[in-house]
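Next up, some structures in structure tokens.
After this come two complexes, each holding chain A, first together with chain B and then together with chain C.
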Partner chain A sequence: MDNLSELLHGFTIAVTVPHLALMVVGVLLGILVGVLPGLGAPNGVSLLLPLTFGMQPVSAIILLSSMYWGALFGGSVTSILFNIPGEPSSVATTFDGYPMARDGRPTTALATAFGSAAFGALIGVILITFLASWVAQVALAFGPAEYFAVYFLAFASFVGMGGAAPIKTVVALAIGFAIAAIGIDTVSGSVRLTMGVDELVKGVNFVVAVMGLFGIGELLVAVEEEFHARAVSSKIDWREVFRAVGRLPRHSVALLRSAAIGCWMGITPGGPTAASFMSYGIARRFSRRGRYFGTGEVEGIISPETADHAAGTSALLPMLSLGIPGSATAAVMMGGLMIWGLNPGPMLFVDQKDFVWGLIASMYVGNIVAVALVLLTVPVFAALMRIPFVIIAPLIVIICVVGAYSVSNSYLDVVTMLGFGIVGYLFKKLFYPLAPLVLAIVIGDKAEDAFRQSMLMSKGSLGIFFANKLVTCLIVGGVALLLLPLVLQLARLLHKPAPPTNETTAQEKVII
Partner chain B sequence: MGGTSKLLLCAAASVLAGTMPALSAWQPQKPIEFIATAGPGGGTDNIARAVQNIITKYKLTDQPIVVVNKGGGSGAEGYVYGKASAGDPYKVIFGTSNAWQQPLVSKVAFNYTDLTPIAAMAQDEFLLWVKQDSPFKTAGDYLKAAASGDFKMGGAQSKDTDEVLTRMIEKTGKVKLTYIPFKSGAETAVQLAGGHLDSHVNNPSESLGQWRGGTQRPLCVFSPKRLPQGAKVTATEGWGDVPTCAEQGLDIKQYEQPRTVWLPGKVTPDQAAFYVDLMKKVQATPEWKDYIEKTSQVDTFLTGAEFDKFIKEDLEHVKQVAGEQGWLVK
Partner chain C sequence: MISRRALELATAVLTGSFGIAVVVQSLDNGIGWSSAGVESGTFPFLTGVIIVLGSLYNLVRGVMPVASLANVPIAITPIELRRIASLFVPATAFVAAIPLIGMYLASAGYVFAVLAIPKHQSVPRALAMALATAIGLYVVFERMFQVSLPHGALAAAFGL
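Take a look at the complex of A and B:
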């Protein structure tokens, strides 16, 4: 119970008037950068970083981490209302959040998202509080082979989960892998697939791709389909905010499962994006209402949001205890730590107790502040849905163009974003799934690096994926998730003969 | 009165000319963009932001400064941007020796000759690190074991400074190492702590926390003499206690990575001179000393012919290693 007394000491540092004020400012700024796509938490935090140099390290990290919480919450707003994910990790929230908002229930969608996000964050902080040293050990056990196995598990939980024809899922994945390969390759150092465009050496930024695929793509579809061209008449009801939050405990299984996935991915560190995708895929597989996913299911919002925040929060632990950032924002904060004269690593917990426990206590308080502020804003954001389409459509285009440009002040990104808009439109029209494409763009190159690093280590032997219990479990789990639909189908075939489909062969292709 | 006032005027003019030569030279008229050729949080990003803060604090220029990260393609994104901004004196590029090394080994669309060199401002050292509980006490022990076993050496990026040094160790120590590239030095350090690698050649700041935390320790430093003593890092040792690799029988006397500052090509000598002067002023501040100490780098300032000579020498050296490995492009 040493940790508990340390935590109480931390609270005496975090709960002071100046620190509470910093939290409110941080959270509000965070919501702002989260809502504006292209700005995002990493950019917001790096913009704020110079202001913190004169502060006490504890105050500085409280300001920055509060901004991070605000941005995580804010990122969900545009995903749900306009189908534009402000952060890579809120892409999976669009799958059910946007249909629900379109359906005239933006208040419910937003409140559900915020409520489950707060739950995920809480579980993440509790984990950090009590298992800090154990968690650090787990993260150390992850070499390239284990990393690959985790990514494999994320793909496996998402591939062939139904919805689209399996072969189309494979095509979407393959295109995503090709896009992820653009730029300099870590393992060989050579430039790939830049197609003569010098600037493409930097690769395709994820935010640029996603804003085009979802924001512009959705807009093109909406312009074509008449019924979208009117505003949603949503009733703004304060009580609905509390009712939606109050309904959350009914989905306790989904909440707990998603929090567990999120914490696991945040620590390992697969990151919040992989966590939210994986959680959504698994929820869809195991929920009784799985086949309604994608049409505005409550659990389709709960699962990615809870996992995203659990991962986002627990990603701070490897940063503090090992010096490996679990997310892009954590990487910026780590830069800040060094400038403040602190060295992230195992000694931080011994040398800088005030700093570490002040930060952990501020995570509890900061998240409460964030969820209170963000729930207050729900009716304001929901009211945005009442704005007629003729006004909102140009606004979406402006947001996407400015967002794409501000990623790295580059016109090429704007052009690429519009290109992705057309790809998104074609995918929708031809019934190709966007999710596998996005997943492959985000973690495709990481999975490739991990695989090739493993091969270098084992001198080309696949045995490295079965070399110890941890990696074997992950790989077997992934294969099991891939095979599950196939087994279920076979079982169904044995019970009652059904018309054969091409599902079997496509599944095998996925595995290979 | 004529004589005295003329004399005064003369004196005033000469004083003005003496103390403020910058007045007649070029001065920036709009905001300046600092381009860090690395992602937020990395060493190159840190130096760009440190310089920005010092300039802002001492008001070394009237114009605001913005730091932009263009770290895609191992930094190539930033250099390509610099090349495309030819003639624009409001873009300052912060990089490393990557600027001349990368074009040698991969088909990136720039060369360092597309840019105007301003200065090399700090040198980062390299050390040979092993896991805390590894049996090796000296570089000699390490080489002896590496000769028989098959050792995994980790490093940041492929065909970059870390791999060049690894190949030099192979040649000098007559051993064969398996080089595994990761995205960054921080990632490599964690892989060593987890026992997935046998060694790496990180810079001091990349593994400082890990050394203090007792997960890894340096065997030797690739430097002609030991590092300055400074404060103790662990209970018993500081940077100055780490022997040089040469004194332990691994005869690589010097290997370091400069932090470099550039302008785009085709800027006027006046404009380049302004920035050389600006960086010199930055280097004279206590904040700069503080930054150098915290990141355990070596303070240096190379500009003009000296900087050119340094680039040429380094280029020759890397060309030789890259040629032997068959990395050269074209």
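Take a look at the complex of A and C:
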């Protein structure tokens, strides 16, 4: 019960007036970026990052994580009321959320979504409370070889379970690694991959990449579709809120199943987007009312929402205890941790107890604050959506440009950001996953260092990755995950003579 | 009109050429094993090779007629292309103008241009929004967070 006393101590840090105020600010900003198309949680958090440099790390992470919760909720608001996913991870919520709202039950849809989202988040936080310090304890004994094996497993699970075309995931990952390698090599001090541009010696900052990939890229996709914000009524009927939440326990199987999927996808970095799609797909297959899915089915809202938030929350577990972020936003936060001078990984649980447990306690409180605030502010943010997109789009472009510039006061960063915007658009359009790319940019150097250190220890022999049971298991598991798509394809070929192509992935099929 | 196939090909060529650039550059750093351990070019070299191989695979997949891709033969219609251009071209012009006239003038001009020229807003309203943007940027960054945004060559010429 060590964890519980630590958690109580964490509450004394999280539940103070300044920190509660930060949560409110963070959640409101989060809902704002979640609601606005083109701005999402990864961008929002990267934009706020420079403003946190003067803060205490605990306060800074509370602000950033609250923003993350807010963004997750905000994305669902627009999905349900406007059929426009504010966040990629809330795309699956539009399938049943919008039909239900259009049929005159917007409050039911919103309350169901928020209720199940809060449940998913709660399961995620409970998991972190009890598991994170244990994982960290195990990880304390890790050497460089084990670390590299864990990184390898994380990246392999993107390929095996991320839901996108496997080779496209591999390409995205490798590009991320190559971008991470740009600049001065931390081990030998030599300059790498600058392509003759002297300014690139400082490397490419992940914030610049995030601004372009998620900001400009998403904006281009949004402007192309030129959506019409045909909103359904955004009035909240409070009695219906409680009735809808009261009905949730009837769907406890769906809730628990989706939370389990979410936690799994959050910890093994599959990310919230993949989790919500997977959960929706499984619910449709197993629900008795599966054929009504897509017409405003309650479980069609519960499943993606619970999984989305469970994944978003539990993505912080590997970030805290292993230094491996489970989602793009967690990757940005981890970049923040490194900037604040903290070393994400098991040592946090030894050196920075206040930070870790303050954050975990704030996750409980922050999610409650988020549910309350999002319900209270639905009409306000719904009104925001009525501002024409032509006005919002240039403002978001300016925000991304200024954000990229302010990272290191460099004009080259702005140009690079714009380039990433084109890449982000192409990748989104062709279903290359973006999260692994960002993840590789943030932790590419660490993975490489771990590899090179293990090679130094073993004097160049790859045998070190099979030196003990743990590292062997991790490596074998990683290889298995890498080969999983191939095996599945072969199995399908053997079963059906006419080979169905698996080029269209699960997400793609749903969208088409 | 741009077909899905063309878009797949273009992207694969783009990622592939990046991979080739990475491979070529990392050879300068030396690959393989030296007395100081793994040489600094090794890791980028491997990632470059993976990028090239993966891009080749995607290229071949893009060329081959695939049943499911036939569902979406058209990736970008002319109208969509025009919409994208209407966002991206002004944005590029805005970024290109920053070194010359500075962030404030450039962003004000950008907002004004995209709102007033396609007649989304009346000229006075667009002007007001443009001014508000520049002033907002100045207050938030220069004053509140003490981040100096670029003032541009023009301002420097006037000695500001």
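Basically, the second predicted complex is superposed on the first by the 273 of 512 C-alpha atoms of A that agree within 3 Å, B and C clash if a C-alpha of one lies under 4 Å from a C-alpha of the other, contacts with A are read in each partner's own complex, and residues count from 1 in each chain.
Throughout what follows, a residue touches a chain if its C-beta (ideal position, glycine included) is under 8 Å from a C-beta of that chain, and two chains touch if they have at least 3 such contacts.
As the structure is a computational prediction, the values presented were derived from the model and not from experiment.
When the two complexes are overlaid on their common chain A, residue A:C473 makes contact with neither chain B nor chain C.
Applying the stated contact rule after C-alpha superposition, one finds that A:L256 touches neither chain B nor chain C. After overlaying the two complexes on the shared chain, residue contacts for A:I387 are found with neither chain B nor chain C. Look at A:L51: by the touch rule set out above, it reaches chain C but stays clear of chain B.
Legend: residue contacts after superposition of the two complexes on their common chain; A:G143 is shown touching chain B, with no touch to chain C. In the superposition on chain A, A:V397 contacts chain C only, with no contact to chain B.
Once the two complexes are overlaid on the shared chain, A:M338 sits against chain B while remaining clear of chain C.
By the document's definition of touching, of the two partners only chain C reaches A:Y411; chain B does not.
Looking at the shared chain after the overlay, A:D198 reaches chain B, while chain C stays out of its contact range.
Where the contact sets of chain A with chain B and with chain C meet, they give residues 50, 185, 187-188, 190, 409, 456. Residue ranges of chain A in contact with chain B, taken from their complex: 42, 45-46, 49-50, 53, 139-144, 183-191, 198-199, 201-203, 205, 322-325, 328, 331-335, 338-339, 341, 343-348, 408-410, 449, 453, 456-457, 459. Partner chain A is touched in their complex by these residues of chain C: 4, 7-8, 10-11, 14-15, 18-19, 21-22, 25-26, 29, 33, 36-41, 43-44, 47-48, 50-51, 54-55, 57-58, 61, 66-69, 71-72, 75-76, 80, 83-84, 86-88, 90-92, 94-95, 98-99, 103, 107, 110-111, 114-115, 118, 120-121, 129, 133, 137, 141, 145, 147-150.
On chain A, the positions that touch chain C within their shared complex are 50-51, 167-168, 170-171, 174-175, 177-178, 181, 185, 187-188, 190, 192-195, 216, 219-220, 223-226, 388, 390-391, 393-395, 397-398, 401-402, 405-406, 409, 411, 414-415, 418, 421-423, 425-427, 429-430, 432, 448, 451-452, 455-456, 460, 500-501, 503-504, 512. If you check the complex, the residues on chain B that touch chain A are 39-42, 45-46, 49-50, 52-53, 56, 67-74, 76-77, 80-81, 84, 105-110, 152, 157-160, 178-183, 186-187, 189-191, 193-196, 205, 208-210, 212-215, 294-295, 327.
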